[in-house]
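Got some structures for you, see below.
The two complexes that follow have subunit A in common; it is paired with subunit B in the first and with subunit C in the second.
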Partner chain A sequence: MAVGIGERRDNRLAYVYTMPALMIMALVIVYPFIYNIILSLSNMNLTHFRDWRLIGPGNFWTVLTDTTMNLKLLGIEVPDFWYFFVKTILWTVINVFFHVTIGVFLAIILNKDLKGKTFFRTLLILPWAVPQYITALTWRGMFNSEYGAISIILDRFLGLQVPWLTTEWGAFTACLITNIWLGFPFMMIIALGGLQSIPDELYEAADIDGASWYQKLKNITIPLLKPVMIPAITLGIIWTFNNFNVVWLVSNGGEPSDKTHILVSWVYKVGFTYFRTGYAAAFSMIIFAILLVFSWNFIKRTQATQAVY
Partner chain B sequence: MRGPRTLSSPARIASYVIVTIFTLFAAYPILRVRAISLRPGDRLLDKSLAVIPPDATLNTYVRLFLEEPFLRWLGNSIIVSAAVTLFGVALAATAGYGFSRYKFRGRDTAMIGLITTQMFPLTMLLLPLFIVLIKLKAYDSYFALIIAYSATALPFIVWQMKGYYDTIPYSLEEAAAIDGCSQIGIFWRIVLPLAAPALVITALFSFMTAWSEYLVAAVLIQDQNLFTLPLGLKMFQSNMEVSWGLYSAGAVVVSIPVVALFLFLSRWLVSGLTLGSVKG
Partner chain C sequence: MVSRFETKTTHGAPLRQNLLWDSKILKVKYLVVFVFFALSILSCSHNEKRIMVWHSLRPIEREILREQLKEFGKQHPEWEFGELFYAPETARTNFIISALGGSGPALLWGASDNIGPLVELQVIQPIEPHVNQAYLDSFLTDPIEANTWFQDHLYQIADRVGNHLCLVYNKDMVPEPPETMNELIEMGVALTKDTNGDGKPDRYALAWNYTEPFFAIPFIGGFGGWIMDAESRPTLDTDAVVDAAQLIYDLANTHRIIPRECDYEIANALFKDGYSAMIINGPWSWGTYIENNIDIGITRIPKIDETDLWPSPMISPLGYSLNVNVRGERLRVAVALMQFLTSPEVELIFTRATASIPSRKEAFRSSIVKDNELLQQSVYQLMVGKTMPVVTELRWIWDAMRPSYQAIFTGEKTPEQAAESMQRLALKLIEENRE
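On to the complex of A and B.
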């Protein structure tokens, strides 16, 4: 009988192996994390950079109620936090929805016996392979109102002039399109892996019973893809919520007038452009709390549903 | 009888049409950047949509390498990326092994801690790091970037290496121990060579983290002599009227090695994930 992992006697070696990495991480992750908590309780900003002091949890309240930016949702003025919170939710939901739908859809097609599917698969992975900042900067160029390819195509063939980068929701849509472009290949590859592991016999049996393609999709493909897709979707949600490469670079740091932000990009701007350090630290803590609560619940709930299958 | 993967003729045609449309969607921005990089300098703002400009020239590339500090940025990026890769692989290879093979006090806490860091918004670490680096006067240096990138890459690669070690049968190590191999020897001569595929992925991931990062670099580096490629290309791009061609040429040069490597490894990407799903 094999000895199980961890039943070795000499545990001192475990520390030899893990200590270097854990010490580095304590230095560059744990220490900044604790420092961030202290900053979030301080009044550090551009005018109090050296002579800062602790002022208690006031920053957290300020974050949730601050209306410095005079932002409006559906005509109603809302605090900055809630405006960007709504945009972040929209950003995450729309992105992940399209990533998964397009990804699974293409995977289903690529899983059939099409000629040249390796060729198509390789080209379809391209958006994943290109460095994100290059994707974002390139799409920003393509959205340029005069010389951008998208504007030229829309104008020439449809006579449309869309103010992509100069309006509140135009810029947001531009960011969305860019991020959908770069995100679907990941879901496609995950789904393709899942599909290849579904045995053909299941479909053959369904064919004998005279099942329609929709019944097969609903009763075989989707349930059997679920255990593969759920972890990928969880990761996708966390990444999308936190990833502001595209938002930042396509909107050139939040243009027009700091409206095109998600929560994280807004904190980045507040922290490093306006130097409201204490405020930004508290803001980061709130974002982290949101993600932690979400992930905890999501993982618990999906584990419960997975047990059904 | 038709197999379940066989398509009827109309469905086949529809599938080709759909896949082709999405492939064009995926490839177009890349073709576009390449087209602009080939334009002569005086026609950058042309409204042509041609995929190969009629008077294509490599002048922009020559300018990029000879007249602009592109080689300096390339050098900076290589130094930082190589350091992060070496650092990352060494630390993840050992820590992953410790987590996979030993049970020790604090192990579970550390593992959960690693996952939790994936939920940190970037600013939560960057803001304190930024202030500490200013105080240490280590701001504007390779060191600052290497520390920041290692912090972002480490949790994920440690976790990944641990997952791979878990798949290597423990009985191999027992056999080696019976043959008189020391514990360190087992790790160095038996386990590490078997983990070579995971080490390659870990190296690739660490390298890409550093090679393609913009947001952290934008905060930690102000000195133009220390600019990495992303900072340099962003500078071209924000000055689009003048440097659109330079940006495009730079984007092509930077992307080619990464894309080639990625596509080369994509075969294993699919099969690796399939394996996981069969077991899961």
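On to the complex of A and C.
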């Protein structure tokens, strides 16, 4: 619909009011984004920080083929990017799977008439309420193979000695456990909200029809939870994919041997420890492209942004 | 939708008058929005009368720095002085980012190994034009050059020297410290104890952050090697590096006198809680041990029997650098503050509290230093240390060492393989960055 002159003049004040926000948005999002694209095409690094120049899209090729770290997957040497990409996919899928499963499971329990429901609800939100870095560092301490609580318990009761933080996959598992602990309360809260909005009449009707617990879960709970959970899962995937803190803090910056990284922690290390700025900028553009394509498709396929009822 | 014009005309007021009135209101509103926005911008802008110092000082030292800033502030009441703690790596990164953006603290305190990268990034400025020769002559040149010159300019004024690793021992458990590595191993076997009989030691002879390359460097020197040559080329694929790594690996896995998994915090906690009789740590930690009522002694890291050489920790000055963005009056006050903080009196306040080695000749020769047994032992270790290079190549050598060196302790690489791959990576990083 065409906007009339009067209407445009009417909206002028609204534009003025939103101008500071728009300007700040442009400053903190649009400008850095464009600048990052430029840097990704440059040779900027520690020795060419001020006198950098544009070198074309070579950094993108280097990102996809660089084998600086001599990393191996199933015994085959792969470029650093693909190694960390596989780890990031594993990291995201495992995390989100457990976040959703544990979250929905606990939400279903909490949605029932349970004694001390408020207490349990508060207790289960606690991992989410504690600052992430405190949780991460506490878990790191607990994973120490000699003095950590987890190692002591595993050793004493199961006779298991797991070198959590000194092996590649041990450290990765330690990061996973920490992040699962941190992430399930969010899904639980979302699922609980969704469950409470499902009308009781549907369950009553199902009971009259003689539906089993599983049939009610499959045909009522899950379909009606879907519109609430899909955006939460989308967000969960993006957050987990980009979850720098937990990986960085639990693995002490990628230890052992810089193998415990996901894409974002590796790009941080490359950018701010090694100062390979042009390379890191190209790397982050690729991460951005991956997330953009994923989110676009996911939302489109699941129709998550459409009205629910 | 009903527009504002329609609403007003329905009230019967003449349209022209309404428009005029409306226009005035609009102007006032624009003005309010503009003033609000301008104030917001101004409130975020840089405070020109504030001098900040970023540092990585320990809590006891932070308190002293705060008091000294207050003291200095009395001479400059129109200025505001503050300090902010960051871990060393974070301080460097944040400083670079903020200085490149045209702001950041006036002074950055830290070890001299940052100077190379900071100069290459042009985020610090030469200090020598702002101080006189007599002041510069009053700093130590022996056993270590206190002030850091790089590419013919002075970029750091030290307030202390050393920053070197020593063997720290708990006198209650180790009345006489080991002189040689064989003595350490022999003593270590007796000191490492499994008190509850679960097959795992409950107390270790020694603990330190040995998986971090900086903490392994002394041993490379002990085997007659070093990490770079005079042309700043890496020298990591050498027998000295292999032997040093093998020795540390053996201490953990063959002799089992050090924990098999140990980072800085764990080592520190073990020593403080009496679960480790000795620790290899630097001057920054001694104050905390004394505060925890541990009767500590300090000595050299034991001599390597095979080479008859003392391990040589890296030694470096620690001090203040000037942000490149500091100019005019702010620069004058920042330099004055730097001179105040590096005065013999202030250095000795730090020395008394933390046993740091002062950088000024006058303070170094004072009875406070001479009569302090810990400091004398620290200087004894310093005499066999090697000055930490300030060239940027050191940065890439650290980065190249870490992954391969740590792979030795995860069993992925032998010391020989690790030495070979760290050399290769160091050369690659240097080449990539220098091309």
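Brief remarks on what is shown
The working rule: the second predicted complex is superposed on the first by the 294 of 309 C-alpha atoms of A that agree within 3 Å, B and C clash if a C-alpha of one lies under 4 Å from a C-alpha of the other, contacts with A are read in each partner's own complex, and residues count from 1 in each chain.
By definition in this document, a contact is a pair of C-beta atoms (placed from the backbone, for glycine too) under 8 Å apart; a residue touches a chain by one contact, two chains touch by 3 or more.
Owing to the predicted nature of the structure, the values given are computational and were not obtained by experimental measurement.
Upon superposition of the two complexes on subunit A, a steric clash is found between subunit B and subunit C. Of the two partner chains placed around the shared chain by superposition, subunit B and subunit C are both touched by A:Leu13. The larger set of touched subunit A residues comes from B, when the choice is between subunit B and subunit C.
After overlaying the two complexes on the shared chain, residue contacts for A:Asp200 are found with subunit B alone; subunit C is out of touch. Contact with subunit C, but none with subunit B, is seen for A:Arg276 once the two complexes are overlaid on the shared chain. In the superposed model, A:Thr166 makes contact with subunit C only, not with subunit B.
By the document's definition of touching, neither partner reaches A:Ile233: not subunit B, not subunit C. In the superposed pair of complexes, A:Asn252 makes contact with subunit B and with subunit C alike. Of the two partner chains placed by superposition, subunit B and subunit C are both touched by A:Asn144. When the two complexes are overlaid on their common chain A, residue A:Thr68 makes contact with subunit C while staying clear of subunit B.
Once the two structures sit on top of each other via chain A, subunit C runs into subunit B at 223-231, and not at any other stretch of 7-15, 151-159 or 223-231.
Note: residues 6-7, 10, 13, 16-17, 20, 141, 144, 146-147, 252, 272 of subunit A belong to the subunit B contact set and to the subunit C contact set alike, using the contact criterion stated above. Considering their complex, residues 3-7, 12, 15-16, 18-20, 22-23, 25-30, 32-33, 36, 45-47, 49, 90-92, 94-95, 97-104, 107, 110, 116-132, 147-148, 150-151, 154-155, 158, 166, 169-171, 174, 183-184, 187, 208, 211-215, 219, 230, 233-234, 237-238, 240, 244, 247-248, 251, 254-255, 258-259, 262-263, 266, 269-270, 272-274, 276-278, 280 of subunit B touch subunit A. Within the complex formed with subunit A, the subunit C residues making contact are 1, 3-5, 26, 29-30, 33, 36-37, 40, 89, 93, 100, 117, 120-122, 200, 211, 259-261, 263, 265-266, 392, 395-396, 399, 402-404, 406-407, 409-410, 412, 421, 425, 428-429, 432-434. Residue ranges of subunit A in contact with subunit B, taken from their complex: 2-8, 10-11, 13-18, 20-22, 24-25, 28-29, 31-33, 35-36, 39, 102, 105-106, 109-114, 120-135, 137-142, 144, 146-147, 149, 152-153, 181, 185, 189-190, 192-194, 196-197, 200, 203-204, 207, 227-228, 238, 242, 244-245, 248-249, 252, 263-264, 267-268, 271-272, 277, 280-281, 283-285, 287-288, 291-292, 295. Listing the residues of subunit A that touch subunit C in their complex gives 6-7, 10, 12-13, 16-17, 19-20, 45-47, 49-50, 68-70, 141, 144-147, 163, 165-168, 252, 255-259, 272-276.
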